[in-house]
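Structures given as C-alpha cells follow.
There are two complexes below, and they share chain A, which is joined by chain B in the first and by chain C in the second.
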Partner chain A sequence: MGFLAYVLKRLALLGLVLLGVSLVVFLILRGMPGVDPLAAYIPPGLPVSPEALARLRQDLHLDEPLLVQYLYYVSDLLRGDWGHSRTAAQPVLDALLGRLPATIELAVCAVVLSVGIGVPAGILAAVRRDRAADIAVRIVSITGVSFPVFWLGIILQLVFFYALGQLGLPNLPSRGRVGDEVALLHPLGPVTGLYVVDSLVRGNLTFFVSAVRHLVLPAFTLSLIGLAVVVRIMRASMLEVLRQDYILLARSKGLPARIIIVRHALRNAITPVLTTAGTTLGILLGGAVVVETVFSWPGMGRLAAQGILNNDSVLVVGFTLFVATMMVLVNLVVDILYAVVDPRVRY
Partner chain B sequence: MERMLLAAREMWRSKLATMGLALFLAIAAAGVAAPVLIPASVVRDVKFAARLTPPDAEHWFGTDDFGRDLFSMVLLAASLDLRVAVTVVAAAAVIGVLLGALAGLVRRLDEPLMRITDIFLSIPSLVLAMAIASVLGRSIENVSIALIFVSWPIYCRLMRGQVLSEKEKPYVRALRTLGVGPTRMIVRHLVPNTLFPVLARAPADAGLALITLAALSYIGFGPGPYVPEWGSLVAAGQAYIFQAPWLVISPGAAIFLTSLSLNLLGDWARDRFDPRLRS
Partner chain C sequence: MNLPRLRMAVQVVLVALAVVVAVGVAGAAPDTLIWDIAAGPQYVDPVMGTAAQANVTVLQNVYERLVWYDGASTQPIPWLASGWEVKDGGRRYVFKLRKGIKFHDGSELDATAVKFSFDRAVLIDDPTGIGSFFPTGTAAPGILKGAWEFSKAFGAGKDYSQAAVDKYMAAGAVKVVDPQTVEFNLAQPYGAFITDLATFMGSIVPSSYVAKHWSKPTDPAKGYVTGVTAGQRDDWMLYNASGTGPYILDKFDKATANVVLKANPNYWGGPAGKIKPKLQTVIVRATLDQATRLLNLKAGAVDIADISTAAIFDVIDKKKWLDDGKIEPVVPGVSVPGPFPWLTLYFAKMNLKIKNPDGSAAAFQPFQDARVRKAFASALDTADIRRNVFNGFAQPIAWGLTPAQFGYDPGVKASYAFNPDQARKLLLEAGKDAGFGPDKPKDLVVIYNAAAPWQGYIATQVSANINKLNVGLKLDVKALSFSEYVNSWRSQLTGFSIHSTFSLTADPNSWLSAFGTSAGFWARTNSYNNARADELYTRQFQALDPKQRAKLISELMQVVNDDVLWVWIGAATAYGQPTFNPNVLRSSVKGFYYNPTYQGFYFPALWKE
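What follows is the complex of A and B.
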C-alpha cells in the first residue's frame, strides 16, 4: 500500500470514529433512560413558564425521533454550535477554546516529564531485570499508579509552597499560571496563549520566570499519571527487544552494552511508547480536570469541574467530546508520522 | 480447585503480593467492621467547639471542620469506597466477559461489538464517566453507574480475543470429534481456559476504579458532608489545608493504601495469569 493510500484510509477511518464518538456523546446527553434531556439546558430551581419550556423543547427538536435529533446535533456541532454554557456564560466551544492553551501548556509539560523520566527508567528496569534497579523501578511505578493525583498535588502544595515558605526558604507557587503582581506590572499581550512561549517571544523575562515557577508543581503532579504507563510499556517492550536475534548478534560482535541499548534496542523498543502517545495524552487530559482543580489552573479541565458543580451538563458533555476529538486527532497524527518513519507499518 | 490451590501457594511465595493481600484484607475488615462498631450518629455529631482539633489520644486523626472524629469518618468511608470499587469491577467484568464471549462465538455479533468497544476505548474513561454522571445527576450511585459504563469494554475485548484463539486450538477440535457438545464445550473447557487471563485484570482495575471514584468525588460528584467518602473528605479538608493539614492526610492515605494493595495483587495476578507475559 502506498503512503497516500494509507493516509486516505486513516482519514476515512477518522471520520467514522468521530461519528461514533459523537453518537455516544449524543446518546449520553439525549438518550439516557429516565432522564429528561431538557434538564441539562435549564438551571435547576429556576422557575420557567410551561410555554418557555415548550418553546425550548421545540428549539432543541426534543420531540423528534432520536435519529432526527442526532442529525440536528451533528450539523450543529459541525457549524461550531456546541450549545451554551451557563458556567462560562459563553458558547461551549468558545469557552473550551479560550482555555485550551492553559491546558495544553500543562499537558505538554507533563508528557515531556513522564517520557523524560519514564523511558530511561523503563530501560534501566529491563536491562537490569529482576535486580535491585528493576525492583526499585517497579515499586515506584506501582506506587505511582496507586497514588491519587489530587492528594499528591495537595501534599506538594503543603511541602513546596507552605512548609518552605514557613521556613523562610524560596518556595514554589501553589495556584494559578502566573503571579498576580507580575501579571499587573509586566503584562503579556496575547500571542499563542502558551505563557512560557509567549513570554520568550516577547522577551518578557520576569513573566517567563513566574510562568515556569507556576508550572512546576502542577506539571509534575500530572506527569505522575503518565509516568507509570510509560515505564511499564517501555520495560515490557525493551525486554521483548532484548530477546531478539539481532541483539544477540550485536553482543557477539563485541559491541559495548551502551551502544547496543541506545543504537540498536531503543530504536525498536520505543515504538509502543510512541504509538500510545495519543492514549497517554487522553489520560493526562482527564487527569487535568483533577490537577487543574487542585492548583486553580485556569484551563478547560477546571472549567469542566466547575460545570459539574453547576449541573451544567451541556458544558461537561462538550468537554468530553472535545477531549475525545483531540485524542483521536493526536492518534491520527502519530500514526501518520509513524508511517513516514517506519515503512513496515504500512505493509 | 487444584488450580486455585496452586495459585495460592505461588502467591504466598511472592512477598509483594502477600503484602498486598494482607493490606487489602485488613482494610476490607475495617470496612466491614466500621458500620458495626462505630455508631452512625458520629456523622451527624456536629460540635463546632471541637472543630479542627489536631490528632491526639482521643481523636487519632484529629477532628474535621464539623468537629467530628476523623478516624471514625475515614473508617466509615472505607465501606462505601470499597463497596463501589468492587461492585463496579464485578459488574463491568460480568458484562464485558459475557459480551466478549458472545463476540468470540457468534460471528455476526463480532464486528458491531468490537466497533462499539473501539469507540468507548477512544474516549478517556475519567472524561467519559464525568459526562455520564453529570447527565444522570450528582450522586454516588450515578458515579458507580458511570464507572461501570466505562469499564466493561476492555473486558469485552480481552475475552473475545481469548475465545477466538482458544477456539482454534487442537484440543477443541479433538474434543469435538469425541462428540462433546457446544454447551459442554463452552462451560467446561472454553470458559475456564479463557476466563483467568481476563480476570487477572480485576484487582488492578478495582484499584483504578477506587482512585477514579475518589477523583470524581473530589471534583464535585461527592455525596455531601453527611456521607463519609474518602475523595470528598479530601476535598472538604483542602479548604483548611494550611491550618489543619491532617484533614487531607488520613483520607488520602486511605485511598493510596487501598489502591496500592489492589495494585500489588494485580501486578502479581497479571504476571501469573497473562499468557503473553509468561516466559
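What follows is the complex of A and C.
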C-alpha cells in the first residue's frame, strides 16, 4: 500500500472513530434514562416559565426520537455548532479553540521536558544497567509518576513560590501565563496565541521572560506524567538494541562508546519513544485538566474543570469530543512520522 | 553517553532556570489591588442575569443606576437621578436626572440613555439570566408596561418579530419627557420598584456606544430597535462596557476570565461629590484552585482571596469560631470580614404530589399529610448541619428570608423544632391514615446532588433519624448526577429533596413568590397551592407603604409556615458569593464595610496601607 493510500485509509477510519465518539457523547448528553437534557441548558435556580421550557424542548428537538435527535446533533457538529456553553458564555467550539493555544504551549513544553529528561536518563539507565545510576533513574522516574499531579503541583508552588518568597529570594509565579503587571504594561498583540513564540516574534523580551517563568512549574509538573514512561521505554528499547549483532560489530571495530550509542543504537531505539511522546502529547492536550486548574493556566483543561463545576454538560461533552478528535489526529501524525524517523518503515 | 556533555547540558539548563527565576515576582503596587477569585466573570452585560460575585462586582463598579446605596445603608438614595416622584397610585415614576455626568466613552448621560437601557433589557429578553426577572416580571401583568407580554422567557410572548417589538415600544414603558426627565409606566403598582432599580439590572448604558458596536439583523424575522436585536445577546456588550461608574473596564480576557479595572479619572464623584477612587488598578484573577489562592494570600501576592468554608480553618481559629463565634485569623496579616447575613439560603422541600416518571400520580403520597411533613421537619437537626456542614457560616432562620432582607421578621414562627420523639408520635399517627406503619413498612427515597456533598450529609441525617424511629418508613438515600437530580425534583419524582438558592436583591419579592405562591418557582415543584398565600403575595407586591408591605409579608410567611412545606436549614453568613467561598482580605486592605446589597466589593471605598 502506498503512503497516500495509507493516509487516506487512516483518515476514513478517523471519520468512523469520531462518529462513534459523537454517538457516545450524544448518549451521555441526551440519552441517559431519568436525565432531563434541559438541565444542561438552564441553571437549576432560574425561574423560567414552563412555557419557556417547552419552547426550549422544541428548539432542541427533544421530543423527536433519539435517532432523529442524533442526526440533528451530528449535522450541527458538522456545521460547527457544538452548542452554547453557559460557563464560557460562548459557543463551545469558539471557547475551546480560544483556549487551545495555551494548552498546546503547556503540553508541548511538558512533552519536550519529558523527552529531554527521559531520553538521556533512559540511555544512562540502559548503559549502566543494574548499577547505581540505573537504579536511581528508575526510582526517581517511578516515584515522580506515582505522585498525584495536583499534589506535586501544590508542593512545587509551596517550595518555588511560597518558601523562596518568604525567604526573600526570587521565586517562580504560582499561577497564570504571564505576570499581571507585564500584561498591563507590555501587552502582546495576538499572533499564534503561543506566548513564548509570539513574544519572540514581536521582540517583547519582558513578556517572553515572564511567559517562560510562568511556564516552568506547570510544564515540569505535567512532564512527570510522561517522564517515567519515556524513561522505561527508552531503557528497554536501548537494552534491546545494545544486544544486536551490529552493536557487537561496532564495538569490535573499536568505535568509541559515545559514537556507538548516539549514531548506531539511539536512532534504532528511539522509535517506540516517539510513539510514547505522541500518545503523551495527545493525553496532555486533553488531560491537563488538573495541572491547568492548579496553576490557573487558561487552557481547555481549566475550562473543562469550570464546566464540570458548573454542571455545564454541553461544554464537557464538547470538550470530550474535541479531545478525542485531537487524540486521533496526533496518533495519525505520529504514525506518519515513523517513516521519516525510521526509513525501514514502509506503508 | 558522554557524561561531561550531559553534565554540561544539565548545567546550561540550570543556569537558564536560575536566570529566569532570578527575575523574581514583583508585589502589587500600593495603588493596585489584586483579588484571586474562585470563579472569574463570565460576562458583564447588565441585561444578563448572574449570581456570580465577579460579574456583579464589575457591574457595580463600572455602571451606575438611577438610585443606589450610600455606604452601608440598604435604603436606596437618588444616584444618577437627582430625585423622583411617584404618580397614579404607584403606576408611574418620574425621575429627574443629574446634569454633566458622562459615560466612559465620553457620551452624556440623558433620558435617552435611561430609556434605551431598560428597553434593551426587555428586548434582549435573555432566557439564561435572572436579569430578565426585572424589568419584565415573572407573572402577569409584569412590571414595566408591555414587557411581560413581550417576554418569551417569562411572559406570554410568542415571537421576536418587528411587530412584537413595535407593540412593546408603543406600550410606552419608558418615556423621555425631556433630556433630563424620564418616566416609567408600570403594568401595576410595584412596591419594590425602587429597590429593583438599584440592582445591577437597573444599570444605565450609553445608547450611542452600544449602537456603534451593533449590526442590524440580517434575518427579516428578527425585530429590532437601533442598538438592540430582539431576543439576541449582544456579543460586544458581553465583554465590553462603558458606564458612568468610578472604574473603567480596561481589560476582560475571556480565556483567563481575568478582568482589569482602572480608576475613572473623570468620575463625577457620586451624589455628595466625594467619591474618588484611591486604588488606580484592580485586577480580578480567576484562580480555580483553593490551595493556590491560599498560598497567594499567605505570601502577600494578592490582597483578597476567596477561601472556601471547607478550608476556612486554615485562616481562622476553629475553636474560637465554633465555640465562641469569634473570627480570629491564624494567618498573620489576614482579616476575615463577617460573619454577615447574606442572600443565600439552604432548605429542604417536601412534595405534596409525587409523580411517576410517566407523569401520573404515585400511589404513595405521604407528604399530603401535614403530620408527616411536620415529622420530617422535626427529624432534621438544623443546628448540627449549620455547625458541621457550613462550619458555622450559617444562621438559623424561620422563613426563606435572610436577616439582610426587607420584611425579615424574627416574630414569624416555624411550625417545628428538632424533636425525634415528636416526629415518631406524628408518624405513628399519620401512618394509620397514609398507609404505613411498623407492620406495613413503605420505602421512600431521599435524593441529593452527588456533586454537593453538603446535601449528602443532610440527606443521610434525615434518613437515619427517620429510620431509627421504626415507624414503618424506610428511607433510602440516593446520590444523583446533577441532571438526574434536577429532573427528579423539577418533574416532582421525589418527595424530599435538599437545595440552596440565592437572591439578587435584598428585596424579598422573588423569594416570597418562589416559596409562597402556586406559580412560584420552588412552590410549583411541590404542587403547593394556598389561595390565601397567593392573595397576600399580590397585595404585598402592590403595596407602596413599606410598613403595610412588611405586615403583609409577615402574614404571608406565617401562612406558608403553617403549611410546613419547607425545612429552613439556614442562611449563609460568609461574606462572599458563592457562599462557600468567603472573601478573605490582607489586613493592609482598608475601608471595607458591609452592605448586603452589594454582593461584591465597591472598590472606591477601599485603599491599601
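Definition applied: the second predicted complex is superposed on the first by the 334 of 347 C-alpha atoms of A that agree within 3 Å, B and C clash if a C-alpha of one lies under 4 Å from a C-alpha of the other, contacts with A are read in each partner's own complex, and residues count from 1 in each chain.
Note that contacts are C-beta pairs under 8 Å (C-beta built on N, C-alpha and C of every residue); 3 or more make two chains touch, one makes a residue touch a chain.
Worth saying up front: this structure is predicted, and the values here are computed from it rather than measured.
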{"item": "Chain C versus chain B on the shared chain A, clash or fit after superposition", "value": "clash"}
{"item": "Touching partner for A:293 - first (chain B), second (chain C), both, neither", "value": "both"}
{"item": "Touching partner for A:162 - first (chain B), second (chain C), both, neither", "value": "both"}
{"item": "Touching partner for A:36 - first (chain B), second (chain C), both, neither", "value": "second"}
{"item": "Broader residue contact with chain A after superposition on the shared chain, chain B or chain C", "value": "C"}
{"item": "First (chain B), second (chain C), both or neither touched by A:244", "value": "neither"}
{"item": "Which superposed partner A:319 touches (first chain B, second chain C, both, neither)", "value": "first"}
{"item": "Contacts of A:275 with chain B and chain C, given as first, second, both or neither", "value": "neither"}
{"item": "First, second, both or neither for A:24, with chain B first and chain C second", "value": "first"}
{"item": "Which of chain B and chain C A:180 touches, first, second, both or neither", "value": "second"}
{"item": "First (chain B), second (chain C), both or neither touched by A:99", "value": "second"}
{"item": "Steric overlap of chain C with chain B in the superposed model, located at which of 221-229, 275-283, 311-319 or 419-427", "value": "311-319"}
{"item": "Common ground on chain A, meaning residues reached by chain C in one complex and by chain B in the other", "value": "32, 35, 40, 154, 157-158, 162, 293-294, 305, 309, 311, 313"}
{"item": "Interface residues, chain A side, partner chain B - complex", "value": "17, 20-21, 23-25, 28-29, 32, 35, 40, 138-139, 142-143, 145-151, 154-155, 157-158, 162, 236, 282-283, 285-287, 289-290, 293-294, 304-305, 307-309, 311-313, 316-317, 319-320, 323-324, 327-328, 331"}
{"item": "Residues of chain C touching chain A in the complex", "value": "1-2, 6, 9, 17, 20-26, 28-29, 34, 36, 39, 42-43, 48-49, 51, 127-128, 130, 133, 138, 152-156, 238, 250-251, 253-258, 260, 281, 283, 285-289, 291-292, 295-296, 298-299, 301, 357, 451, 481-484, 486-488, 490-491, 501-502, 510, 513-514, 521"}
{"item": "Chain A residues within the chain C interface of the complex", "value": "32, 34-37, 39-49, 51-52, 55-56, 86-90, 98-99, 102, 120, 123-124, 127, 154, 157-158, 160-162, 164-166, 170-177, 179-181, 183-184, 209-210, 212-213, 216, 257-258, 261-262, 293-296, 298, 302, 305-306, 309, 311, 313"}
{"item": "Interface residues, chain B side, partner chain A - complex", "value": "16, 115, 118-120, 122-128, 130-132, 134-138, 204, 207-208, 211, 214-215, 218-221, 231, 234, 238, 241-242, 245, 248-249, 252, 255-256, 259-260, 262-264, 267, 277"}
